[in-house]
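Structure, as structure tokens:
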Amino acid sequence: MSDNGIRYISKPHPVTGVTNSKLGIWCFLASEVMLFGGLFSAYVLLRASAPSWPHGSDLLNVPLATLNTLVLITSSVTMVMAWASLALKDFSKYKRYMAATILLALVFLAVKSVEYAHKFEHHHFPSTNTFYAIYFTLTGLHGLHVLGGVVVNTYFLFPGSALWKKDPEQFKGRIECAGLYWHFVDLVWIFLFPVLYLL
Amino acid sequence: MSEKQHSHDLPFWRKYIFSLDHKVIGIQYGITGLLFLFFGFCLMMLMRWQLAYPGQPLPVIGNLFSERMMVGGIMLPEFYNQLGAMHGTIMVFLGVVPLAVGGFGNYLVPLQIGAPDMAFPKLNMMSYWVYFLGGVAMIASFFLPEGAAQSGWTSYPPLANIAASGQTVWLIGMVFLITSSLLGSINFIVTIVQLRAEGLSFFRLPFFVWAQFVTSFLLLLAFPPLEAAGVLQLMDRLAGTSFFMPSGLVVAGKALEVSGGGNPLLWQHLFWFLAHPEVYVLILPAMGIVAEVFATNTRKPIYGYKSMVCSVIFLGFMSFIVWAHHMFLTGMSAKMSSFFQITTMIISIPSVILLTALALSLWGGSIRFSTPMLFAIAFLPMFGIGGLTGLPLGLAASDIHLHDTYYVIGHFHYVVAPGTIFALFAGVYHWYPKVTGRKMSEILGKIHFFLSIVLINGVFMPMFILGLAGVSRRLYDQMQFAHAQPTQPLNVFMSVCAWLLGLAQIPFIINIFGSLIWGKKVDNNPWEATTLEWAAPSPPPHGNFDAVPEVYRGPYEYSVPGQKHDFWPQNMAKEN
Amino acid sequence: MQKYYGWGLPYNASAYGADVDRLIYLLHGFMILLFVGWLIFLVVALFKFRSRPGHQATYKPDHFKAPTYIEVGVALFEAFLLIGFSFPIAKHVRTLPPKGEALEVRVVAEQFAWNIHYPGPDGVFGKTDIQLMVPANPVGLDRNDPAAKDDITVINQLHVPVNKPVIVHLSSKDVIHSFFLPVMRVKQDVIPGQNVPVWFQAKDTGNFEIACAQLCGLGHYRMRGFLIVEQPEQFAAWQAKYAPKVPAPAPVQTPASPVTVAKE
Amino acid sequence: MTDNPEEIKKHVKVYITVFAALAFLTVLTVAASYLKLPLVPAILVALFIASLKAGLVAGFFMHLLSEKQVIISILAVTVFFFVVLMLLPALSSSSLYVS
């Protein structure tokens, strides 16, 4: 029971079995699925109607992207470990795992910016052709989502963690939701990587 | 310190401007929505001058505009196209949806399900202010050097891609509005699923809450593809990509330096993938309001509550597979147009069921002709005309002649203007006592109703005649076409009706502000209704109910045999 | 002069226009019938069950079965209209007449004009190139191409022989337009980057109109063309008059501004 | 979510194995791309591996395998509309368009 009487904030609803925030984050992820779905369907339509479509591996650096994928998967794991250590009431382990997640995300963004810089040097801009256009749009929007995740996670690492002492249950729920968002961002990259780089 | 005292010592700006209370946010949405409706109405009244008297200077107001819009009072085509595009955008995205979903939904859903507030109050406040930013962006685009967006509210590329800077501001405004509706819909779904009172099962929910629930799913799942399309168009306009620009374009004699390879139909598909569920977002809350007003004023339960709920859910699913009936003429083959004709015919069935169920709810009732009831009754035939005129547009054969003519404009305005907006008027008159504790004047209300119902038909009925004659839409001056000249006098009639309709809203405006002072004071249940919002005091305090209410029966238990009163509120344990 | 336009459907000069008009009238009859019957029910219900002293609403009034029959009837009639009328007409409109019989014309829509390109007696369209698209040569016809020698290009003047199917190949140079012939009940969006054929067959001669039905910018309202349906002899005479006089190879003017189309 | 420590410790082992599987699948899909398969099989292979990885992340990391019915039904509705959205390009492919 929070201050203005809204129930099921930290305790799950007896019938539906979920807390408000978990249902809310899943609804948000549903809309994100439709957002990236719209961009993927644009990709498919553009590729189908294009007379010639370059091979991703010819224009893009696949080994670097593979490393990037592994970095993002590792950050997904450290995120779920952070949540698990909260479940084990081990706050210090949580802080280490959360820091690792943020660090890995920054590595991912760094690799991405290196990749972008490399392309801009060779005058491959979004306006060069439709392949680069959809490549920059998809990876750019995904990058923005990664950045958003980093900002939220940093909040939970420093100022947000004060809630741990006041209401551990609610804080664990928040970290779970941040985790769900983060795994979703990783999920999108899991599809982006083969579609853009390997096909 | 209980919640009630806590809210009293909030500073003014925390209590009214950046409030977390769903009722204050509902009123904020309501007032902003009504202001934008009025602003969109004024844009239309300007357009009506050019349509009725093409090329003649606008008497007084004409010289207020800058040289780029009106030269010596004579409207320029650029300004006319801006008015057309912004009238559509403002009425749909800034007027009706925020009023129907943001205003009515935010205020009433928590009350009708017995919840103290929405599930995420901060998210609720943020969704209002993101909507507000979107509105500011749309209005600011008028003051750009080359004016606002001018390629229609559908902004089809390549025209939208090569348009002036107003289109970029329109896209940014749209991204804000879409984000606001998205956050709002998450709030609604979680509130309706999680915070229902004890004993309030899904099939005891008032139909208004069902309508808002399905509307929230449409907003949640249909808006993001348009956001994706908006991102693509922003990239086209700012980063020089060519998602929607095919190669080999020659504009004004010069070949366009774009990488080409894009497909303009991609935008149309993504836009209409949203825009058809969007039109159901416009109509479902209106049907919810009409159902509530009907039950209360016929003193009997709604006919076929379960069949209406199933139709609304079926409508929600079907609305996602009909979008291409807006694109019959883009060169699609007979096979594809047949598929979308069939789905369009199928989707007309739940709408007919909903309309028939509402009409049959009158049978056997004891009908009180109060102002909300008058507007709700008028909704039925008006939405009926809107729906019926959708038939010739839904069949590809007749759509060939009628597509993109004034017939289409008559069709969708009948659904939105005398349909949704009349239902919203009914809602304002019906719930004003709950929001302010005072009743609106019946005399002013009836004047407003009888003037509006006559004039609104005067504006939109002739559009079908223009449409059959083949007059294309969005024409700055239809006198240029021989096939459009005979119907030009009708435009004068329509314009006069439109201006008078503007005047007919004055009793409504006087009523809204006047009743705050001289309206009759009422208790918490002036209409003797059964749903939960009438169990809370009017206006309800922060937190709505003292304790979480207990619900014992369905939402519309009126004239139950063997009861003293002819209404049996949901939360009343023993008989009434 | 015979009055072609008035209130309601314009004059029908198309061979298959009668089917479309019949469908539109049938639909509107059905709609008016449904609406009036339904309005009568509404008025009767409102009057019969208005609240008055001594009148009590009934909790569960016994509802007659009529509404469900009406709903099913409406659905069946809609299905009949769909399969009986709309599909055949839509299919008829979409299947082009055999190439041999029909006159083929290319119409290139441009911001605020219809450029019309006839293949000329040899029946073959000349090559076009966007490099050559200058105001004097809006279609960008390359006169050096042998097939283009006899091609005729005109602006806003679509001459068509009567009682002969005409296939119009629509393409656009800049934005989306919509090729609309009110009297022929023909309308087809012209999407840049696509070449969409549409066909019609005139059954009467006369001076009719071409209109643009899709917002295409400032001049959308004045994008007017003329559709002149005439006897075959007059059509041949007109074509002869407009055939290029001296087949001198048109000097390849370098377009005004050196324009490079970005590489594909 | 059961909160007792042993349960969580078991979960942690699962997360590590899932992590290994994801890493392996990533390397596998990259290796598959070097086979230079023709387009359609390449798409099928890549999408199959990607769906496998997505299933692992969604099932274990996002606890979808043990999730409540209300969330599963919302996701089912979303998948239905996602499929319609992905059919959109097929509907506007040139075969269905006269041009």
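Order as written gives the chain letters A, B, C and D; numbering starts at 1 within each chain.
By definition in this document, a residue touches a chain if its C-beta (ideal position, glycine included) is under 8 Å from a C-beta of that chain, and two chains touch if they have at least 3 such contacts.
The structure displayed is predicted, hence computed values, not measured ones.
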Study note, to complete from the structure: If chain centres are mean C-alpha positions, then the most distant from chain A is chain C
Point to revise | Chain pair with the greatest number of C-beta contact pairs | key: B-C
Exercise for review: Could you please state the distance in Å, as a whole number, between where the Cα atoms of chain A are centred and where those of chain D are centred?
Suggested key: 15
Review point. Chain A to chain C: how many Å between their CA centres?
Key: 49
Review point. Taking each chain's centre as the mean position of its Cα atoms, how many Å separate chain A from chain B?
Key: 34
Study note, to complete from the structure: Residue numbers in chain C touching two or more further chains are 94, 194, 196, 264
Practice item. Any chance you could list the residues of chain A touching two or more other chains? Key: 16, 18, 23, 27, 30, 34, 37-38, 41-42, 45, 49, 51, 129
Review point. Where does chain B touch two or more other chains at once, residue-wise?
Key: 189, 193, 221-222, 225, 258-263, 265-266, 269-270, 273, 330-331, 333
Point to revise | chain B - residues contacting chain D, complex | key: 189, 193, 217, 221-222, 225, 263, 265-266, 269-270, 273, 317, 320-321, 324, 330-333, 335-336
Point to revise | Of all residues in chain C, those that touch chain B in their complex | key: 4-10, 19-20, 23-24, 27-28, 30-31, 34-35, 38-39, 41-42, 45-46, 49-51, 55-61, 63, 67, 70-71, 74-75, 78-79, 81-82, 85-87, 89-91, 93-95, 110-111, 130-131, 133-135, 140, 173-176, 178, 180, 182-183, 185-189, 191-194, 196, 209, 211-222, 224, 256-257, 259-262, 264
Point to revise | Of chain D, residues touching chain A in the complex | key: 1, 3, 5, 8-9, 11-12, 15-16, 18-19, 22-23, 26-27, 29-30, 32-33, 39, 42-43, 46-47, 49-50, 53-54, 57-58, 60-62, 68-71, 74-75, 77-78, 81-82, 85-86, 88-89, 92-94
**Study point:** Touch list for chain A against partner chain D, complex
**Key:** 16-18, 22-23, 26-27, 30, 33-34, 37-38, 40-42, 44-45, 48-49, 57, 62, 66, 69-70, 73-74, 76-77, 79-81, 84, 87-88, 179-180, 183-184, 186-187, 190-191, 193-195, 197-199
Check your understanding: For the complex, which residues does chain A have touching chain B?
Key -> 3-8, 13, 16, 18, 20-21, 23-24, 27-28, 30-32, 34-39, 41-42, 45-46, 49-51, 125-130, 133-134, 136-137, 141
